[in-house]
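Going by the order they are written in, the chains are A, B, C and D; count residues from 1 in each one.
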């Protein structure tokens, strides 16, 4: 399951999609919107994607993860649009024969997604400021960055 | 949520129980019953617990994890009784401000649970053999060990 | 004093019972009780070196002093997860 | 030839448009197109050193040769997750 969605992410479905009788371990990662980062209070986030390229990159990540780790199955679902504090922005699930591999693969997948997949977030603060979050540019730290 | 149950584990509830607007990351670990380990085919597993001590140990693990990692919330649910291939035997969820901490805490919790919490599994193979799985004893490797 | 001992997993399979009461002298430690247990259930000796012991739900060493309120548990290495 | 360029996130905010067509000579590379883009949208220069470029949905270097079928995308560092 590799998907962009504007709807609430059903992480139960994401998780079930990777379960396999050959796997002894499943790891699910959820990125969730933090309300407070340092002294900044987040009102909401807006996630924008370059959809065709984002889907292609997510498939490439899944394929590369399967080469790096002994993975049975991978699922990556990212939400776009407007999200509030506590909402799930991304769900990544992976199943492997043994548990250490599942944690390693899950961490590699979210780290790589945040480096490569063309999705951006714009943060709206409760004091009215609105900033695009672009690592390396000078925008203030955002409620979801880094998670 | 710290619990032993004879029922199917509702891992969606387990996950939701740790979600928090102060957390940017949630990691869920599921231990699932493998059908095949090496040349052994598993028919089913039977999990037995020393319930009072298991619950106490799981609470101790949660408390120790909160000291070791900047955790917002922890949930640990272990199933007992008879489980078939693909079934979830244990669910551990943890929420943290940042993602690396969530993976580290999740791995520490399942590693520690497998070392300390008084729960045992008996494995029934499709060829009729039945073995208690006790690390350090000479029983054959089991479909759930190591995961 | 009488001490209730619980057996789990392979320890239960070997002894054939999930709980048994043992009579030990007042002020006995876990080591004294263990000796009585092996006398009654010598089949446990086959896995004796790996057995773990808990008193009132806490892992305990052989020098742990017992009282008539102690609940002792005897089990092999754990394998949950 | 005409090349369609997509702008995302802060690049879209700065240019004020999500897509724009540019005319470049046949056989141009991405660098040639980039020069045209900065001429039309000099406001992009403020983040120019951080901008990433993709041709037909793949990250591309400035020496990438373009064709009239190329779809080019221009965006700042990604921040999904």
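Going forward, a contact is a pair of C-beta atoms (placed from the backbone, for glycine too) under 8 Å apart; a residue touches a chain by one contact, two chains touch by 3 or more.
Predicted model only: the values in this text are computed from it and were never measured.
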item	value
Chains touching both chain A and chain C	B
Centre distance in Å when chain A and chain B are each reduced to the mean of their C-alpha atoms	24
CA centroid of chain B to CA centroid of chain D, Å	49
Set of chain A residues in contact with two or more other chains	31, 110, 144, 147
Which pairs of chains touch, using the document's own definition	A-B, A-D, B-C
Contact footprint of chain A on chain D as seen in their complex	6, 8-10, 13, 47, 50, 52, 54, 57-58, 73, 75-81
Residues on chain B engaged by chain C in the complex (per definition of touch)	31, 47-50, 52-54, 56, 78, 89-90, 110, 113-122, 132-137, 142, 144-145, 147
Chain A - residues contacting chain B, complex	11-12, 15, 19-36, 85-86, 95, 97-100, 102-103, 106-107, 110-111, 143-144, 146-147
